[in-house]
Amino acid sequence: MAPEPPLLSMSGITKSFPGVRALDGVDLDVQAGEVHCLLGQNGAGKSTLIKVLAGAHQPDTGTIHWRGEAVTLRSPIAAMRLGIATIYQELDLVEHLSVAENVHLGHEPTAAGFVVRGKAARASTARLLKRLGHPEIDPARLVGELSAAQQQIVSMARALSHDVRLIVMDEPSAALDPDEVDNLFRIVGDLTADGVAVVYISHRLEEIRRIGDRVTVLKDGRAVAGGLPAKTTPTREVVALMTGRNVEYVFPERPTKDATADKPLLQVRGLARDGEFEPLDLSVRPGEIVGLAGLVGSGRSEILETIYGARKPSAGQVIVDGRALRPGSVRAAVRAGLGLAPEERKAQALMMLESVTRNVSVSSMSRFSRGGWIDRAAELGAARAATRELSLRPDNPNVPVRTLSGGNQQKAVLARWLLRGCRVLLLDEPTRGVDVGARAELYAVVRRLADEGLAVLLVSSEVPEVLGLADRVLVLREGRVVHTAPARELDEHRVLDLVMEGSPAS
Amino acid sequence: MTQHASPPRDSTGKVQSVGAPPAWRGLMARADVRTLSLLGVLAVLIIIGGITKPDEFLDTRNLQLVLTQASVIGVVTVGMTFVIISGGIDLSVGAIVALASVWATTVATQEYGFAGILFTAVIVGVGCGLVNGMLIAYGAMVPFIATLAMLASARGLALQITDGKTQIVTVPSVLDLGERDAYVLGIPPLVMVFAVVTIIGWLVLNRTTFGRRSVAVGGNAEAARLAGIDVRRQRLYLYLLSGLCCGIAAFLLIILSGSGQNTNGNLYELDAIAAAIIGGTLLTGGRGTITGSVLGVLIFTTITNIFALNNLQSDVQQIAKGAIIVAAVLVQRRTASTT
Amino acid sequence: MPELTSRRGLLFGTAAIGAGALLVGCTSNESDDEPAANDQPAADDKPGKEVTIGFAGPQADHGWLNAINDNAKSRAKKYSDVTLEITEGSNDTAAQIGQIETLINKKVDVLVVLPADGKALTQVGLKAMRAGIPVINLDRIFNTPQAYRCWIGGDNYGMGLNAGHYIGEKLKGKADAKVIELAGLDNLELTKQRTQGFDDALKNYPNIKKVARQAAEFTVESGQAKMAQLLQAQSKFDALWNHDDDQGVGALRAIEQAGRDDFLMVGGAGALSAFQAIKQDDGVLKATVLYPPTMAASAIDLARALGQGKGVGGMAEFEIPASITLYSAVVDKENVDQYMPTGFK
């Protein structure tokens, strides 16, 4: 007898958005009754993949087989009809409707085709909630009055209100207490015992160990490992797959000159933000690249944005060239020579409808203007010079920035600060969404800028990137610096141990 | 300096391979398509007008009439375009025009003659804009709500000042500007003001740091903030600008109607928004042109003119106006998505 | 204008609301241009039984409505035995219902109501009548006669009719005469009635043809805009009827700007500025058809008579009539002096 085909089989799925390839030939097999874990850093392609699975995105290429038959998931409704339900991290519940109304939204039990049978809806909702171990939730209550954990249960009840065979759970434990996580796992166990498959997405490796059957690791839009045994694959191997390189890069040479003799250009003293990161001290000298290594939630981006004045610190100082900055003022930071290349380029850095020139010149407009009038020739010339210096392609600053690839968009952000004459560059995940092939070039650019005398503070969740590019590395864990050392004295395994355990393990 | 360990792959060629023609040419073509499509609509209207009423429509006096009628709302629309480009909205423009026009025509104000009327109209407009701007920029109020509140208050105050009465202007130097004798080379003074405001508006949007910052704030406020732009101050200035335009428009309206009335500027907010939208300004901000908005105003005014010349009634006019807004937006979405 | 010399220094004040309030105050204290009711003696002028009259009207955002309020107030002031309870004007039906219910609860003796919307306020009229408070329904009529004791109002159809007849007589004997009509807000029933009356009158004059009609919005701005278009559309015509003197200010402005004086114009409603122009007789405006705001003063008289249980003078009946339709008189140069005091601003 031929083996049973997998419940779901996705193969060669690609999906591009302007400027970035989010999925690059991903394969995923899910068996009935298994918990299949999906792992990956932010931006690895997990959310795009589950949106394809939910019918919210259409893949550019690739095939999807459902119980052995090729299918096209044209819409969320089509996916739901097949029995695929998705519980998103951002819960998609309507706060001003009751629990029962939310659970049956779009498929209300009706009489005569349009009269909603509220009582029947409440009764079936109560049954679902009981099955989920939360009989105490009143189906008549408004969803907005429930706790986050209860809302998640409602979301799950909504999924189960359909005849469901596959449930996708996007970081379901993120908002839950340990007790509630136990209940969640019990539910997952019940579901799989009934033959329902679960695609489970989480950052927490210990959870995957507890409930997972198999693991697929995504990185840069590719499945770097598929179907690994969840319980037995060593943690270090899984983390290395997530944070490591599937391609070895040659990083630019570090300068031979010892920079420690110079006076620090950027000094951070006791900088802290309640609930985000603890008092932090660091300094960066001209010509030096300092790296902050840490996983999601370690406070890296928050630290960078606080130094930049985009968040107001609860304590501490930022000193540039001996002068303390006004806390919480981006303009003060920019005037003092700081520049930030933020993590979310599209949301935080670029005016996507505008040309490269305008995106590059936006921070230095006073240089090309007299009395508010812009000298457009000078502006274009300066933008061209700055983008050429970074080899931005295409070599035409009039194109809209949204047509650029991820790497070139990042170069446009760097060109902005280069043009501004910035002296301290803050880089937050500089290669996120940048094609693999373009990364080495970006590294070279960053090193060259440092060689020209800039102080660079780099944040990355990719350990090899920090180790390869930075001169000195600060390892962060849960808002605290746990280790500081020159990069050449560290290796990837040691840093991985540090970011996961908080103390150097052998 | 650097060697790729992976098969050499030129990241730089990426964009060129995606779109066949250089992207900038596409951008230029699209900008042109938008303006051209509006000019096309206007041309069609002129043909319709010329066919249905050749003698009355194709006439210098009618051209003067259409442009004059477009001036008041046109000046308001220039200010509104800036606000919408920056991602905001100003629902209070009509009410500000009403308040400025009645305050500038009280008996007491008229004693100060031409200068008094002009000064009061502008100051009231700017003052209302200042209140809007402060509430939105520094009071963190949503523009829709803040300007809605201004709409209600300014209309109420205008009613209180006039007590529902029509305030007739008796200052000859103001009235004379609306007469044919004041036309210079056949151009009515109101139209000249409209033209000057349009040109200045175009220059400010396209050639100054103020214009750049407005577009940047509308395109991506967070990115603008992180790039070092003072987003709040920019917002304040934008509503001040809109208020200033309302003040100027109020003065034009006083000249045109020879009076001030609390019902002035009725539904200007909707007319100005509609003109900006069919002119290609994104309601979400980040894109828009003065040229498009002014063409939008001219299209609406021309339609009204053609309908009136053909003695069609106001119900038909309103239906046509609604249809044209929908059609213009649909056409633009299509041109935007096919490029 | 008489006020020109009477007030100064208000303009550049900083407090907007203060200045606005001051202006309002000054205007209503002005005695020489008070829109006095015509001085026809009422039932009897001698003080009688004390009567409390509740008055509820719409928001006075238009010259005519403002004159209604002024007429009611000044008429009530004339009688030492009348106390007037006047509400804040409102265009919101629900708000007006609330105001009238408050007046009912206060147990006023008689109610005078000019509804924002006659149909929508019928129920509250019925309620007052059932509570034993007679209602004088002013102008905008309730749905049922049960909701009022007496209705007094203008005649929109008659306005159009009289305007049509006036123009018809003026153009008598002129072959192929053309008239145009500048109507008011087209979504109001009264505009349709005025147009209907005008058209019916013109049917009596086969030499006259109505060649164009545009609707303005009772505002100066819309009057100017629509009239400018009409003038461009019709290079030659003989007469114009404009429904409303307020928008007529704008229409006259457009006529002046176009430099046209080759036709006669008839207005509507009876604004002071129109009366003045008719008296001066140096422009196109030759007459206006009344829609008299003095009906509010008459309503006060009727209310007082009801409250005191008397009839009205000049009629044989003991009771006041159930309905009074005012005549839409044509005011021209001949009789304008008589109407001048009733003109509103």
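Lettered A, B and C in written order, each chain numbered from 1.
In the analysis below, contacts are C-beta pairs under 8 Å (C-beta built on N, C-alpha and C of every residue); 3 or more make two chains touch, one makes a residue touch a chain.
Chain identities (UniProt): A = Sugar ABC transporter ATP-binding protein; B = ABC transporter; C = Sugar ABC transporter substrate-binding protein.
Every value quoted in this text rests on a predicted model; they were computed, and no experiment measured them.
The chains in contact with chain B (ABC transporter) as well as with chain C do not exist; no chain meets both. Relative to chain C, the most remote chain by averaged C-alpha coordinates is A. Relative to the centroid of all protein Cα atoms, the closest per-chain Cα centroid is that of B. We define each chain's centre as the mean of its Cα atoms; on that basis chain B (ABC transporter) and chain C are separated by 36 Å. Centre-to-centre, using mean CA coordinates, chain A is 41 Å away from chain B (ABC transporter). With centres set at the average Cα position, the gap from chain A to chain C is 69 Å. Interface residues of chain B (ABC transporter) facing chain C in the complex, by the touch rule stated above, are 53, 55-56, 59, 61-62, 65, 68-69, 103, 106-112, 116, 120, 127, 157, 159-161, 163-166, 168, 170, 178-180, 253, 256-259, 261-266, 304-305, 308-311, 313-315. The touching residues of chain A, when paired with chain B (ABC transporter) in their complex, are 247-252, 308, 310, 330-331, 333-335, 340, 342, 347-355, 358, 361-363, 365-366, 369, 372-374, 376, 391, 393-394, 396, 398-400, 403-405, 407-408, 416, 435-438, 440-441, 443-444, 448. Looking at the complex, you find that chain B (ABC transporter) touches chain A at residues 1-6, 9-16, 18-19, 22-24, 27, 207-210, 212-213, 215-216, 219-220, 222-230, 286-287. By the touch criterion stated above, chain C contacts chain B (ABC transporter) in their complex at residues 1, 3-4, 6-12, 16-17, 19-21, 23-24, 27-28, 59-63, 65-66, 186, 211-215, 217-226, 228-230, 232-233, 235, 246, 249-250, 253, 256-259, 271, 273, 345.
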